[in-house]
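Look for chain A in each of the two complexes below; its partner is chain B in the first and chain C in the second.
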Partner chain A sequence: MKTRDFADLSRRGFVTGASLAALSTLGGCKRAVRDSKGRVRLQLWFSLGGRNREVLLEIVKRFHATQDEIHVEPVYQGDYFESLAKLRTAIAAKAAPALSHVVAEVVPYLARAGTLESLDGYPGMREIPFVGPLAQSGGFRGGGERPLHGVPLNRSTPLMYCNGEIFAKEGLRAPTTWRELVDTAKALTRPGERWGHEVPISWWFWVALVGQAGGTVFDESGRATLGDDAGVRALRLWQDLVHREKVMRPPPGRDYDAWNVVNQDFLGGRAAFIWTSTAYIRYLEDNARFPVIAAPLPKDVRASVPTGGTFFVVVKQAPDEEKAAAARFLRFFCETEQAAYLSTRTGYLPITTPAVAKMRADGFFAKHPNDEVAQGQLANVEPWPWEPLLFRIERDIVDPRLEEAVLLDRDAASVLGEARTLAARPG
Partner chain B sequence: MSAPRSRRPGLLPMILATIAAAIWVLPYAWMVVTSLKPLDEIAQDPTAPFPKHPQLGAYREVFELVPVWRYLLVSVAVAVAIGVLQLALALPAGYALAKLRFVGKKTAFALVVACLLVPAQVTFVSVFLMFSKLSLTNTFSALVLPFAASALGTFLVRQALLSVPDEIIEAARLDGASELTIIYRILAPLLRPTLVSVFLVSFVFHYSDYFWPLVMTTDDTVRTLPLGIALLKEPGSGVRWHVVMAGNVILSVPVLVLFAIAQKHLVRGVAGRA
Partner chain C sequence: MRPRAPIHPWLMLGPSLAAWTLFVFLPLGLAAYESLFAWDMLTDPVYVGTANYAAIAESGELWRILGRTLGFSVLVVTGSMTLGLALALLLDRPGRFFAFVRGAIFSAYVVSWVAVALLWVLLLDPDRGVAAAALRALHLPRVGFLTDPHAALVTLAGVTVWKITGYAMVVFLAGLRAVPQSLHEAASLDGANAVARFRWVTWPLLKPTAAFVATTSLIVSFQAFDVVRIMTGGGPARATTLFVYAIYEQVFMNLSVGRASALAVVYFVVLCLLAALQLRAWRSQTVGRRA
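Showing the complex of A and B:
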């Protein structure tokens, strides 16, 4: 038995292997600002899959075709929330990319933390003719007076979608008030076969209801009121539709699971009218076997919708060359051709006024009346407060409680009272 | 002398086993069936057991949208490297905990067991910061090294070694074998079913791991297949379920093949016949 030989060999092998492993672990390289062709490497972390990703990559391709000094490297980083967690970690590790995009409600938080570059000093950035409610200036209260931190990428609002076949058969039109919403849902519900109405139980749609009931989630002093009475009325509307009227499907899940179920129920004819994002216009139109009719959300005391989607942000700690490259790419992204292209392919709202004008001149809105409805609803946008705690309150405090309150029919006032107490604690 | 007759399982165990198998197989079957349906058919009747108009377009789309082969190669390389390293380290660790006497042995074992309770999500921030300081993020090492030592592997090897008679080790020592020889040349072959099980469990977990590669990679250089398949999800523009399901079928095929090959060892490992 050649045990001794093997033992010697294994010890040598072990030591050699360990040394190689140690060397290999030190083999990582420092961040290279330029690639082998001398171009600035611009890392772009994104969270878009499917068609949205294809559109973004096409715009990057177009950018590369126009110049040879900057090379954009788009990298998928999971969904919005995974991507945000990673971006925050990477910022702490000083390893963040120059360019990323984040959900709108996170921008104030990242800005307060001093992690975002002000884009005011970069040529042409302040002059981009954004559509007011979709930009930082109109999307946030007081957003215009602050340094420019966010450039709109994919922006949306909630929208109502009706199954045109069912509505025509029943001789009904899209509801315009909460009262009509309840009545229409009752008229269109067929127990065991079809729900009259469906909506993902989510902060975004609840905020829309709060606004329609005449409230705001934050008051002027920055206190999280969660709509006070309007918030309670909004939540009770859902509870009544689910438990008393039995015309709305109970929450089938959380986050995008709920959104997907609502879409599938609508496409499958199992829901007569739904609320979801304008971002799904193309998807629903392309895949429905019936005419899809979009309508503005109904009002209670007033019409109101929040905005959604994401903003591009430039990370402050990135090297100057990369930040300048990011600003240049953003200007290209906001050019009319690109802004119109993204909107026509995806259903997200066009982010600049020339893009809207181009789409109108091209006859796009005439051919796609649902997009025109989404445009019209921009007049009812309720800006978000510029509150650093906004996102935490949304994700950690309100969203989980909404689902629970609707599922279990908990007392709306006490649920929101509890949420208000938690929201008042320092974050 | 006639060979002993094998006992046939009774009807009830057969029925229970069939039900259990169906519970495991049905989601997979649903995934395959859904991948063969067009999207409108899925929306109309998501639970229909057979597609009315079967089509393979979703598979074609997956290969067009995602560099499947490159991601697959990285995934397999990462999972194999982790599996091999885990075996290499679990063997001496398990041996020490099972067969050696030293102060703090029970505490060490308790710590190993405690490690089973800590998920990667808890440690990822500190590990990311550490790897980032060493400029190791976005490298093959970042995907492999944090998992080189496996608490589960160590635990299973230790349990298997407890049933190995000490006389075998004593005899090897008398023959002049070193500890490393005893571990890797004498005990490892005896533990083959356990080691195969450890490798398979590790392979499946790390081959299909989404979270860690997502955190540790910053571009496509060492991206793995689960991240590629996640690209097919369209949270902002509507999910095309047939494409997502086709991607998942492709993702799961290598694991199924591996299980088919190693089935015998796996059953022996689970049955505890190390």
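Showing the complex of A and C:
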């Protein structure tokens, strides 16, 4: 009997102890807004690597040096798409950080879902002198009339990069029209040794071609037209370069793997001219053993480029103190020094007009003509539609079909027709 | 054996039943429910009935994924069984050298999938890889092992076979050791050569081992994810988008929980059908042996 009592006691004690432990663990899981020094803890989920990462971390360090009330905790979350998957899951689980950044096309989707904080009410946010086409106001159709949800972080456009040595040797200049693009690629291709042209087969560059062919991916009523005839012409241009002319290599790999292959082929002299992001200006200039000459993308019926890169977003469900801290960090980030620093070190476009003015006054553009070319292309920016389905249509419907159509030489009109049908469906 | 109280069997089954309910039946039920909605985790779900199933079936996506996954499984199961058996027969010999070779082949099995996939990405690089250098040396045309839509799935199957063949070999070796030597001696005395001894003595006794290897290889092939994620990301042109990867892609990349859930339900049904077929095959084999 005594033994039984002891056993009961032990069991009761075990259950009580376990319950207390569980409760204390739950308590430990509660979000601590302030750290042991009383500073607001601001988690920043980011997806930048290499030099871009170094620059972001340096800006965080500078921010810490200017004040002692907020401590930014940057956490790397993989590439843009992995990071977005994690952010969505964290928002659904009510465990998201206050500050993160997402690709431009995702902002309307997250805003429609009611997950983003409007930054209009935070001091000074509406007054930041952004470069129009790179901000929400000019980067999206009607973006200026909506609450401010996105603050530009690293913004870019597609750009053409030419191998200066090869072009000089062949006496050629950068192509300015689609016709010239085909002819130049033909002239510079050396079978088994070098491709004339290379570009990642992806949505972003196809959208650029659609714009150049005079189309838009969504019409004014919000219907996904995928450029209609212009979309087909854009896709056929790639198919012709790959299969008929045999002057372009569709780079292997998906997403940024393919981008990396394009860069490596260019640097290795295996591609004479490429299209990639302005974000790679510094990287390509620093690593090429030949002069890198940037040029605007060629025209078909007009000049057109989409914008790319990411926007900072503040998550609505985060505690108020963290959101206020995020807004304060963003204001610091957009100050001229920081905006110019990020641009000069990476190749991303400067996001504020004072930063552009400072870089010009410092003689940066005179010393770096490729950056001037990238600046000039901003006049041709085609804003994205403020369309919540934009990202799903890009990732789920168009991107995989572009690759299929180019690699397997499928009929461009029927591929895009099928994509349009799928885009009209709920998903 | 009769339980002392009717509740006892349930008490014994309780823990595993609870785990199964929590981690298998409940998520599966939820997936089946969510497959009836268009939902992205952030906005309110919209009831769409069977539209998600219709969408994946009508676009042909479902059949393509199913065909690819089954094709991949056939390659992996036949490849790992054939190679595993051949290696077991070849290396079932005493001596340190053979022990070393057996160990070397098995070592691939214990290496993580991520490491194996990364290693093969380097080896198969179309410009700088060992495979490309070998093709160049032999004056053979360049092959886009991971970049050609017609070659990529076969390449992934090859890498999977390379990784799991060591396991198949070890299981076959254990099976071979269980075959009584006296049967081989008797067959030899009756004039059977090596091929006849394998056909009439070894293989019939190895059948249960072969069935086990086939089952484990099938499971591995249907679970393939890491190798796809790292080596091809489902490309080129979706040529390597297998079932598990397609589900992942729908939910995490394309923000479509409903579509992913519909795929998961179909996948469950396919696995149930395969399991039923396999059970039937095993039972007929057992009944055959008893008869």
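Everything that follows uses one rule, which is that the second predicted complex is superposed on the first by the 397 of 427 C-alpha atoms of A that agree within 3 Å, B and C clash if a C-alpha of one lies under 4 Å from a C-alpha of the other, contacts with A are read in each partner's own complex, and residues count from 1 in each chain.
The definition used in the following text is that a contact is a pair of C-beta atoms (placed from the backbone, for glycine too) under 8 Å apart; a residue touches a chain by one contact, two chains touch by 3 or more.
Here the structure is a predicted model, which means the values were calculated and not measured.
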| item | value |
| --- | --- |
| First, second, both or neither for A:354, with chain B first and chain C second | neither |
| Partner chain(s) touched by A:422 [first = chain B, second = chain C, both, neither] | second |
| Which of chain B and chain C A:89 touches, first, second, both or neither | both |
| First (chain B), second (chain C), both or neither touched by A:214 | neither |
| Per-residue touch tally on chain A - higher for chain B or for chain C | B |
| Touching partner for A:115 - first (chain B), second (chain C), both, neither | second |
| Touching partner for A:164 - first (chain B), second (chain C), both, neither | neither |
| Touching partner for A:138 - first (chain B), second (chain C), both, neither | neither |
| On chain A, positions contacted by chain B and by chain C | 89, 92 |
| Of chain B, residues touching chain A in the complex | 39-40, 42-46, 65, 124-125, 128-129, 132-139, 141, 145, 172, 175-178, 180-181, 184-185, 214-215, 217-220, 227, 230-241 |
| Residues on chain C engaged by chain A in the complex (per definition of touch) | 38, 40-43, 46, 48, 51-52, 55, 59, 126-127, 144, 146-147, 149, 232-238, 250, 252-256, 258-259 |
| Touch list for chain A against partner chain B, complex | 1, 3-4, 6-7, 10-11, 14, 24-30, 43, 45, 47-54, 73, 75-80, 82, 86, 89-90, 92-95, 97, 154, 256, 259-260, 263-264, 267-269, 277, 279-280, 282-284, 287, 289, 309, 346-348 |
| Of chain A, residues touching chain C in the complex | 81, 85, 88-89, 91-92, 109-110, 112-115, 252-255, 257, 270, 391-392, 395-396, 400, 403-404, 407-408, 418, 422, 425-427 |
